[in-house]
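One chain, chain A, appears in both complexes that follow, with chain B as partner in the first and chain C in the second.
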Partner chain A sequence: MKSAQISRTAVALQLVAVLLAVVPHVTWLPLWVLALLLASTGSRLMIHSGRWPFPHWLVKAVLVAAASIGLILSFNHRAGPESMVALLIVALSLKLLEVYHRRDAFVVLFVCLFVAATSFLFDESFWMALYILAVTLLILAALNSIQQGAGAGRYSTNLKTAAKLLLPAVPFMLVLFFLFPRLDPLWSVRVQGSGATTGLSDELSPGDIESLAQSSALAFRATFEHDEAPPPEQRYWRALVMSEFDGRRWTRPDPATRQRLRPEKMTAEGAVLEYSVVMEPSGRPWLVALDQPLAPAPGMALSAVRTLQLDAPLERRRQYELRSSPAYRLQPLLTAAEQRHYLQLPRGGNLQSRALARQLQQQAGGDPQALIRALMQRFNRSYVYTLEPGRLGRDSVDAFLFDTQQGYCEHFASATAFVLRSAGIPARVVTGYQGGEWNPYERYIQVRQYDAHAWVEAWLPGQGWRRLDPTAAVAPERIRMSAGDFFDTDQTRFGRAATGLDIAWLRTLSQRYDAFNFAWHRWVLNYQGEQSGLLEDWLGGSDTWRLVLAWLLPTGVVFGLVAWWQLRPRRVRHPDPLERQLQALQQALQRLGWGREPAETVSAWLTRLADEWPSMRAEMQRLAWLDEQQRYAGECSHDVRGEMLQLCRRLRQQLPRKRSV
Partner chain B sequence: MATEQLQGARRRIRRWMLSRQQPARSHRLTQNRIFILPTRAGSVYLLLLVLLLVMAINYENNLIYALTFLLLGVFMSAIFHTYSNLAGIEVEVQDAQPCFAGEQAGFEIELKGSARRTREQLQLQLAAQTLPRILDVVQTRQRVQLDCPAAQRGWLRPGGLRLQTTFPLGLFRAWAWLNLDAKVLVYPAPLDVPLPSALQPATGQGQDSLSRRAGEDDFGGLTRFEPGMSPRQVDWKSYARGRGLHAKQFEGHQDPDLWLDLDMLGGEALERRLSKLTGWVLELSRRDVRYGIKLGSFVLPPASGEGQRTRALSALALYGLEVTE
Partner chain C sequence: MADTLRKEVDQALASLSTVLLGKTSSVRLAMTCLLAEGHLLIEDLPGMGKTTLAHALARVLGVDDKRIQFTSDMLPADITGVSIFDAAESRFRFHPGPVFTQLLLADEINRATPKTQSALLEAMEEGQVSVDGERYALPEPFFVIATQNPSSQYGTFPLPESQLDRFLMRISLGYPAPEVERQLLAGGGTRNQARQLEQQLPPERLAAAQAACAEVHASSSLIAYVQRLLQHTRDAAGFSYGVSPRGGLALLRCARCWAWLAGRDHVVPEDVQAVLGPVVGHRIRSADDLSGQEGDRLVARLLAEVDVLGH
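== the complex of A and B ==
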């Protein structure tokens, strides 16, 4: 059986299935692998059409050797899913050359299924899921076609059979998908090509960037309890705290210093926001939290300066739930060492700025808040917010404060922190994201890379660390609106459009599409089973027996339906209406105990009955005669048939409902 | 060795399955007849699903989870499709025409399905057969002739008929063993040995003393030809004149009765002797002479024609065997 030959339809379906399964990998596959695949598909076609013979074993041996060397050369330094998939595709190409029997075809199609599944390692979009579903359908059709004889086989019937198999599997899959516990990885794997990007860097060096390239790539999305987002002024997403300044760059303290810092104490004042963040892969080990988080979510740590840290870089989309308090009191007391740390400045440089700080200090008369107000007023009066500030000289703070007087958030944050420190007020630069766009369809905030922001935290005696955003003083709209909106309205000013979506309906469409993508990410890609206690809500608990029942019941119903559909008795519906009427009459009489004997003709049976049913004798005899005429005398005129139909109906109406004893 | 054990186990299972049924001419495939198990490809498919699940777990990839579950669902629904490809089929068997040992006995088998459902890729195999017969498509009804090698003389019962299918995906094999109440009489293999002179009938040129009775043929008139009469008796001349078929009657000059006697061939092995006699019965029937047969205590009185041939061959087929039918 195993050695049965396969039909031409089957070969064609296999080739198409192989090619389509490989298509998603085309972008990263080495060219030679693609060339090998196409060449072997081509030769398979030639063999299939009888123009070429099957290749000699020597040819195959050489090919195997060459492909192995090629794989080693291409993937020498990178062991990961790519090399695995490339190996499978190479094996698939070589196997195509020797599909003789049903068993070989099974091997090809099973590997094909596997290759199709690996597409999800590189692309998890909804469209990819649809595409792979279609490829699966095709592979099933190919599996079906190799079961058929060499003569039989039409593409449409194969596809139809595959669809019939796939359809009942969908509810089965959904139920299992929601109930199956998500296990921790069995061993650690590295996902490459996850496309991790971020608009935040680990250091802040305003003078070195001529123009800020903005990316509209998604940074994260957040949903809030009661579907209510905080006002834009409160949407400060903290990620990194930078407290070391070398005259040009702000950086985080080195790990040893970080270890020495005391964990800062925070008391929430006022309402607490509950929200959930789905963070896109950033390739960095930090996460964002709305200013200020109460506690870290499981699996992450809270640093001394209350930022969220992971053990390893974020390479996969991650969802976490947090609680934050927008009004808080943070670290009301600083030790002398901490004061020194947050006042530290390089010895020389930026002399003009230091002088400005002293001047402001005198004017304020020792009141830090008055000093801050004066600085903000200065910014508001004569400074310009721009994304193309140009490079700054050696003393970048001086150059910004006194020469160019234009810049973006980093310039303002850096200069503010410098001036505050010079004036003896502990200060630090905080980076993260600010704002975000509210999606009214799925009710979430979506924060893109161009929402990246930098601001300052200043320590005031008795009050602790206070957030201070100098950008708000220069361009308050930047804070109130989302960055996308802000840059849109000020296109002329900044000479660029951040999103290019200024047409209302296009924007709506894009929001709806993003809402759909978010739902996809949230409910499909990041579904974790225990998410939001969903299972508990639905099932009233997550005991094993509940899970098993919840899986068994729908599965039983679905497959019960399939079994019924497959095995249901199917009555033959005669194409001739007259025959149908006669059959109905026959069944009606059979119920009353007057069934037709197998050897009896219709007319003989009716004649026999006519004696038993005197009330219907005339009709029965007439019908018997007409039936004989019609069957054996070739009398098939319209009138005769019409009369017979009428007689049948009349007889059936006259029959008693129940069997009389 | 493992395969031998496996085959032995299979044979035992088959015997057990067949012993659960009454032999019958017609069977309907119901759930207590149909067995279903994954094929080797089905097991490999399950292994593939396990690999996919490991990949899903390791890469924490929900879409691979989904695909794995979807394919598992396909696996489950394949069970029903494969099963229903067999369920409800009616199988009816006809007795085969007698044949000679060493030939193939052809059993006619009729499959009846329901009108609306198409069955595909049914494999039929008689127990004794080596290669199954594959039917691509069966709709309402279909007749197939299944050949069964007839090794020995006597009654041949094909016993079990296996109906099997792996349609639609080849992941499952559904099969049923049916105990068929069909039999065929197998005549001994004829041995092509020339007739001994003692048995040479008195026809044709080579007339000899044994085959001839005294006197010439006496024409005794014509009678109406009836089926079963020898064509040799036909009066072809009168037929050519358009007077219809008439048979010439000869009186008192019929060929002498020839006796085929098993004991006459003493000394040789029984089967060989029976084969020789079979060959001679065929030869004598071809020449259309009267002959009788003596097989030990069994005596078949002399006669000629098709009926005599059948009787003689049946006697030879069943000689010394238990008469079961």
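== the complex of A and C ==
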């Protein structure tokens, strides 16, 4: 039987490779699949050592049937990457039971390579890439050890060979990375429940954003053209606009209503910011844009209220480029229907708040701006901005405005919008993110979930929609600093550090780490954005023949190098450092035309040269004498060798660079 | 002690050179062969001084020498001797042949038939002679200088490889240099001069010198070089067969003696190279040559192709 030729080393490498390739999937794999894998690994060991026989065909048939049923039950007919990967792993486990021939061992390892590659469906971080590289190395080492048959050497030898084999693959990897077209639909398999962190929800009720404030998960990162990040108080990242209120929750209007709203007109006034956003998967179809975007990026739509929308929920990290204008005039005219829509309030409830609105309206004498100012002053005077506002009753606006008087941004936004609408001023609630932390290493802004924010947009005749942030009136520091800093400095009020990163060096480390991750996502994973332009820059165009050449040339170069490496005349590296020095000296002198003849001993050769190089005569003669002593007269002391090494070096230093004599 | 011994040997060499004008290196090789306790084959045309060399050596060593002129009708008994019935004593009595001597000059060995040749070669190898079932030991030291005419001459029976192997060295004297020859012509016959040489290295001193030679140090690097030389004769293209391990031992032994003669207590590759031709030349044969005359060319190739350091 041929399996006898597979050495113990090979079996050990193979099994370790199989196990390590499956490790990234451990978190979601059904337990029975893991058990099956461990059991078949164990039996492979037992079979190889001759303690167990190969399983009977009946056993195998039962296992196959059971595993198939198990897969169907576990994944419940759901087709998705998980079930396919699980199928692959089950097949791998079963194949381990019947490694009769060398070929079977190869099949196991080839499947192993596939399993390793599937890890990227679930995690494409740099660390995973590094891990899979290591696993690939191990699989190659296992393949190599099987090829070696009974003579497979030590583990380190096999690993070294595998590394040498991987080396020529690097240029191919680079060529593929730069030239291979990114086929989005093929690769972007939607993976359920993975990666997407819960961010802002489609509706806003008290406590929603508050819960986000505890999450330091990354929401998105943004880089600015010329590194011109706007000041924190201008960093309002708009995500959703909510204009329907039911007394407790703010929601977006239903699609039918939405259609009745005209797309809003925006005129930029002033400088335009160019920036690029890398949005983390959110599981939602909306994206963020700095208040206010000029136009949507390709692949996304601009809603009537000028928020960015995707066709499908964002399941993978996405990079897009935008231009925004911080100063703008938005929709200076509203139709009657639109005015009604933005003034809509539930019939009853929150009576105290409505009364307050009427009172403010009278005091302001019909001037909306005075009313807003009065409201903000009221907030500033006696309200408290806190992460722990306590529970609110049924009339949440009343409870907040008159009872608790403490709240988080959503409370202030919701109450402000309610009061404005009661006073006849069209208003709506906007959610998104505010602020973000500047990373000085990669020069970008990172926005985390605790930067989630809610504010208000009020429509003023002739001015259109104006951003109004009641939080800024209550706790202006919150807007000026990043949320993380704000909560850090305010520990007494919140009772704890929201970020946990209050040690300076830890914070620096964390920023550097984040900068590294960002670079990985931006330059490696999201490379396709740069691809087309880069190719044209490099190749001077993207004609077919240029692409073919770009493929063929590196391929030719790599194969040429490999061939040269294989066929090159080998000069065996001498194990003795002294011999190596002598060889180097010989080569140096050979280049100058003073090579040693094969029949010449070192001493004869150096003695011959000593007459030609008077400046080095003494050293050459000394070296000649020493060489004869240590090589032929049994005079091999440490001192002699040390002196010879020195002489060799000194002679080489004295040699002229070029052949001039 | 060792120095006085070497001085004596040097003196012996010097007086030999006065007889064999301009043949210093051949004389040295002959002495090397003697020190290495091997036999010497001189291949040359008649009249080049082979016999003179043998006579001179015999005189210097103070040993008795005999000369056998080989002819094609010679029988083994002409060399080893015969048992003749002695009527007076009613038994066979052994009459030793010319081989019973300390220094034997076997002239034109390749003119004898192979049977006769092998009688001599057996004596050389075993150091004894068997006649009619009786063994007779040869005297000590026993040193054979055989000469042979180039095999291209008519009426020769070339020595087979196995018998060439019995000779430690094969040298050739060659024509003298012009001024040496003029000196030679002016000075008259050199063979008589040889007769007048005095004993300078008695057999016990020779034995001591031989023992001293065997003590010369051969380092592992040197042995590796010798081995590479041997290996090359076996591996490289153009050699019809390589040097035997016996040839290798012979090479190292000669190199030791050469080194000792040069006043060194260790062998260097130059020693090996100096004796390589004489020791190995008759033990290798080129693949495309049947005459056995290509040895020197092959030796030159060996020197050029085998690196001293093994690089």
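As a convention for this text, the second predicted complex is superposed on the first by the 514 of 661 C-alpha atoms of A that agree within 3 Å, B and C clash if a C-alpha of one lies under 4 Å from a C-alpha of the other, contacts with A are read in each partner's own complex, and residues count from 1 in each chain.
Rule of thumb we're sticking to: a contact is a pair of C-beta atoms (placed from the backbone, for glycine too) under 8 Å apart; a residue touches a chain by one contact, two chains touch by 3 or more.
Model, not experiment: these values are computed from the prediction.
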item: When both partners are placed on the shared chain, which of chain B and chain C touches more of chain A; value: B
item: Partner chain(s) touched by A:170 [first = chain B, second = chain C, both, neither]; value: first
item: Chain B versus chain C as contact partner of A:621, first or second or both or neither; value: neither
item: Chain B versus chain C as contact partner of A:81, first or second or both or neither; value: first
item: Contacts of A:161 with chain B and chain C, given as first, second, both or neither; value: first
item: Touching partner for A:524 - first (chain B), second (chain C), both, neither; value: first
item: Contacts of A:124 with chain B and chain C, given as first, second, both or neither; value: first
item: Common interface residues of chain A - those touching chain B in one complex and chain C in the other; value: none
item: Complex interface listing, chain A residues touching chain C; value: 579, 582-583, 586, 597-604, 628, 631-634
item: Chain A to chain B touching residues, read off their complex; value: 1-2, 81, 102-103, 106, 110, 113-114, 116-118, 120-121, 124, 128-129, 132-133, 136, 140, 143-144, 146-149, 151-152, 161, 164-166, 168-173, 176-177, 180, 182-187, 189, 191, 316, 524-527, 555, 559, 562-563, 566-567, 569-570, 572
item: For the chain C and chain A complex, residues of the former touching the latter; value: 217, 219, 221-222, 265-270, 273, 303-309, 311
item: Interface residues, chain B side, partner chain A - complex; value: 40-41, 44-45, 48, 51-52, 54-55, 57-74, 76-78, 80-81, 83-84, 87-88, 114-117, 120-121, 123, 132, 134, 136-137, 166-171
